[in-house]
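The two complexes that follow have chain A in common; it is paired with chain B in the first and with chain C in the second.
Up next is the complex of A and B:
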């Protein structure tokens, strides 16, 4: 029996697949209904109408948001797989004192000529450098507090970044009278101002350039160092043994993260940038198991979120606020909406991710339950045929109902089997088709082989074998069966004396 | 258990109340007596005097509120720190922001002009905070996304919702959003009597819950599975702890602001960790640190103008942390460094004595003098190190030194015999029981010889069937004592020195 023809296997597999179509349909139905409900709501409520006002300013804003989101999502992927996401939050908070100190230093050195064109450039680059420096310093300090003080990692992070942030706030407030520096500028950023700047000057604003450069650096480094980054992300010890300096790589990653985050401050601010950093990466993490795909997906998700976020910032006032009776609001914060939309994407991924989503996991459980019910029906039919018992539908279902107490599932499984051509129904009597016989034979032989195996290797009474075999029969594949046969030698009958098909 | 021990344990368990009670009784009674505003102080010393003497009504209120908040945050923070969830406070405080903004919106929608009612906003903050905490734990449980990413996502996305809501509020026709930003940066300086009442009530509730559930919270921090297996409702206790964090965040938002409230949850607790290994004591200390840093922050900011009180409080807490990290008796760097330094000095002396013993043994002149150059090459130390260790040996009356010659005192002879004996007992033990080749045991014994004492020594003597008198066994391997000019031992042709 071991030399079963290959084609017979595919018959069984094909029959199984046919009966699996249901879950695929469920999935498609869900996706399509979701899509249609969104489109339906949009059409019925005429929510798309404000989008007609989309103009060049909107283009600039979307371009800036997309650049920021995509640039951030790349280092975000590595932070997520390295389980250091909160480091991103810490760096972005800790950068504040760097910005403030650099700002104050710039004013101190510049003396009188504040209005010179070159001063603006110097000031900006000093602030950028200061922020990146303090951001990286934050990771160094965290590590030394963790190591020297034996403080738990999260707590060390919390101590360091809040202290640095407090220094920044203190300086900012203390010098607020001398020089004009607005905390909100760093904390929230303003994509609207950037777009306005572009509109007024007719040039591409520097914020967009900075983010484009950050994105280019990120992509370049990932392409260049992908292998090293991947090894050190998943197995730093292995990375060290194959000669990769993972410590160096860690600080390199932190520096790049800091640069990307600081580049994004002007556009989205230091708190919301964390959403762009982590959420697309985590969403992609739910969707795929490959790091390379994860990065690509994260970039796509980030870009989509930026576009949808801006569009919904325009749509929301009409769609949500007008029905509530707020008419004065023209549009809401584009960045806030982008963060919200990314959160929404993450939520959708939690539910509907193909393998790790909760809905798909539930569907898989349903699928498994149906398959088990089907195989129970097949097994019952096979045994009835074997002992020449009646195969009337009512008798079979009644027997299975006694065994498993799930009559609706049995009935459903039977119908599924009929539609998958594994069982043929003539009037009331049920017959196994050719495929059905092979499939049922697999199930029954699994059952009986397992019983034989258990009675040979475990000190169990014969009346204890059935229960376990009833569970295991659904999970033995072809290879396991042939190994069981080899292990048992030449057995043709199970411990109860029945033939093993 | 004696009555005294019972009372002592109860005191430890109720640490919170002890910290709160003086602050509560004194400060709130002082705060309740409103007095007229006095002239602004002319000199900073006068300002300090006024603040410390609680002359200003405003200062009294602020001082009371901040101190009580500091105690509460420190106490709750201990549990979060030990539970390794220190950053949950960050999520809760950020998540409270959309709660505040949406509560404002709702209030404005239902009856315009009531948006700034504090109770509405605080209810919103509480709901937001609870939502944030629950969302984090749901993501952690339901998906394969790890803890850190769950925290970061909930924090930033909910803050994004908050920013969106804020942008709506700012563009409303009725009312403005000025009050809402107080929640972000705190408004310590403008705290009112009703704010204080609220902080005090919330703190007393939090302290009471901590006191009642002290044992349960401790269980949750140290061994959740054990607790669950004994039938404790760990999920409910966890929920309870999350509620405490939400409460702390809500009252902390009023004082230090939502961006910094997490600091008050983490820093005092982390600093207290350096002072004690007992959770009761730690809670006391953390509460104290919270109170001290808050009070100092308020006092300093009321004397020096233009300082952000919230940031100042956090920085004082941070300096307490740095101080604790340096000088804390349990884990502090200086005490640990001092212990290490003492150990190094002790082992150096031991090495010197053993080198003397081994060299003398090879030369079969246990009482005689040895040239220092021989010892120096045997030990392989630098000249200066050797001179320092030898000087300490002389001071401790273990060795005598006459120019280039060195000899052991009587005490030194006994001590060196003891150390060499420890060394060789351990070597024998390794050879016999750990199956290590005789040529490989020396280095390991080198490290362990200094700490073999008492019970371990007796155990070794028993297992190796050595008599307990001070007889030194033969070395299981050849001891090579080399000398640059003369080869001393019979089998020491290779001039490489073994040992230290």
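Up next is the complex of A and C:
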């Protein structure tokens, strides 16, 4: 083929735009119907009514939850990309003995005067410090156990953090009965109590301050050390060779994670905090291919989940339980619902994520099927012109229908080709346009080059070549074709003796 | 057999390990759990050559590179880069790890990865700027990958991923390159592209040491060769050293006695 006037690319692009639009429509349809069904259920069931009672306490609770969730999502992103998500779980459990020992120490040193207000502050700081210390110690112990015991990383982690947690429980049972310590507060947290405290005292509760500070530390460090954290997560050996101490950054990250987790205990507890740490980051991981965007998205998702979670805690129980005849429940745990909502977000991301999502993969399959059908129409037309056969629409479609697949797909492909100016329709006869000929020529030459290639290298009879080439012809680009030509050494005809365009 | 370079102007003192050598390894032994995997390596890399590190699986080829870069601890010995300890010379050494050593699903694109080669130059706390992105793109262009700058790295083929790693090393602009199997799992076109780049580096006076598996191409690609099997078997110009006799020594199984002694050392001393 000498001197191609134009590339077949423009007409291919026009056809692509068509099928892209199709998938955009599918997406919008799904999104809009999801939104309307949520609104519809809310309106019909009048479930939104409890939201009318939203007040200052709700505001405080949402503020506390948002701060916790957003603060946790930042170190969570790094744990997820480093494949160390379980480390968050471990640290939060291992912190328990730290809390208890610090608590007991505080009482030991305070002696008699443990009613003073200053004692309360000291006790809290000691518990905080103790928890962070043991949390970081957990990561160190895990690495030592892994090295000394020569066991696999997750096994070491499982042994270390459960042992520490158990020690914490034993200490609490053995000693803390004498003094006032509330295990529920550490394990489950209580955003409700915090809001109540704020309401009764009229001050901003300390839990909110603590989490705001944790969030500020996280954001500051990530902005300052973004590239260092990224390289030491992606390629720690390279980081070391360019002079970035990835071990130091690792322990820094673990310390910050521990601080953030312990800060969150009072609000959401040491168990559900893991959801705030990992789930927004994991969701964001599915949605983007850049670490910077992943962190931003995780923060947004975390904040949204906290707001939606609190509202759901008010609305959903009524919605679910009233039809069952139970009317007494007013609302459920706000934190529990927030964690559930983040889980829901993750589920949605699994389906709808742009590249990794199941829906988009299904759409891509449809797009591929359309392209293959289009190229089959073009190939068929090209061969008919070559043989001087009829190009009547009905004959072409009938032949394609015999070949394969659904007839609607062939019809759709033909319509698409006509509107992309690859094929022209005169009365009943179909003609390839100038650009259409180029595209069709590429398809047919792919087919015939592949047949030649197979007959050279495969032990396959000539009458078996066609079907294999039918599949492969759609996946060869310009580069592959020219490499095939090089490899075959200037062939003009395929094994069946037909010209290669 | 180790080659000293008398014609090099930089060597001033009559040292056994000349300062002009990009990489001098002096009696280095490396062990895992007290069991030596590399025994007493003594080697001076000649300047401005393409050097292949060749040996069977488990010969300690990657270990040699990693120990030289202080990524794993040494039991004994010393490593000098242009006559100074590696710690002071990090900026002149570029490292290309094995492709399998990183998580290719990591949320970064090809340009991000290449820019990582510039992090030393950028310095702590500073973000990757426009100028650095332009430099990274230049490196990608050199390996023919500029069109893929925005691709998330798992969307690249094996050969393309290897090229990205190479571009990152080029961005480092080092004097000495240590590459761990850059040719593994790449197609013929990429192999040609890589060897062209290695030759360009040599023309520019850089020294490149490559862990290499394909015995067929050693003579074509490399000036010098280092035959390794737990100990150094032979080293020198490829034409002299890459002989059937030496290859037999390298690939003819591990030395049984060496293995035995290593085992004893791991078990905590011989029984007497």
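Convention: the second predicted complex is superposed on the first by the 412 of 501 C-alpha atoms of A that agree within 3 Å, B and C clash if a C-alpha of one lies under 4 Å from a C-alpha of the other, contacts with A are read in each partner's own complex, and residues count from 1 in each chain.
By our rule, a contact is a pair of C-beta atoms (placed from the backbone, for glycine too) under 8 Å apart; a residue touches a chain by one contact, two chains touch by 3 or more.
In this text, all values refer to a predicted model and were calculated from it rather than measured experimentally.
The superposition on chain A brings chain B into a clash with chain C.
Applying the stated contact rule after C-alpha superposition, one finds that A:55 touches neither chain B nor chain C.
By the touch criterion defined above, A:170 reaches chain B but does not reach chain C. In the superposed pair of complexes, A:85 makes contact with chain B only, with no contact to chain C.
Touch counts on chain A: comparing chain C and chain B, the chain ahead is B.
With both structures placed on the common chain, the touch criterion links A:467 to neither chain B nor chain C. Within the superposed three-chain model, A:285 lies in touch with chain B and with chain C [touch as defined at top]. With both structures placed on the common chain, the touch criterion links A:157 to chain B but leaves chain C unconnected. In the overlay built on chain A, none of the stretches 314-322, 440-448, 458-466 or 476-484 of chain B clash with chain C except 440-448.
On chain A, the surface patch touched by chain B in one complex and by chain C in the other comprises residues 83, 285.
Here chain A touches chain B in the complex through residues 80, 83-86, 88-89, 93, 145, 148-152, 154-159, 162-163, 165-170, 172-174, 176-177, 183, 187-188, 271-275, 277-279, 281-282, 285-286, 313, 316, 321, 324-326, 328-330, 332-333, 335-340, 342-343, 346, 350, 356, 358, going by the rule given at the top.
Of all residues in chain B, those touching chain A in their complex are 81, 84-87, 89-90, 94, 109, 139, 142-149, 151-153, 155-168, 171-173, 184-185, 259-260, 262-263, 265-267, 269-270, 273-274, 306-308, 310-312, 314-315, 318, 321, 325, 331, 333.
Here chain A touches chain C in the complex through residues 81, 83, 224-228, 230-231, 233-235, 237-244, 285, 288-291, 293-294, going by the rule given at the top. Considering their complex, residues 66, 69-71, 90-91, 93, 95, 97, 101-103, 106-109, 112-113, 116-117, 119-120, 122, 124-128, 152, 168, 172 of chain C touch chain A.
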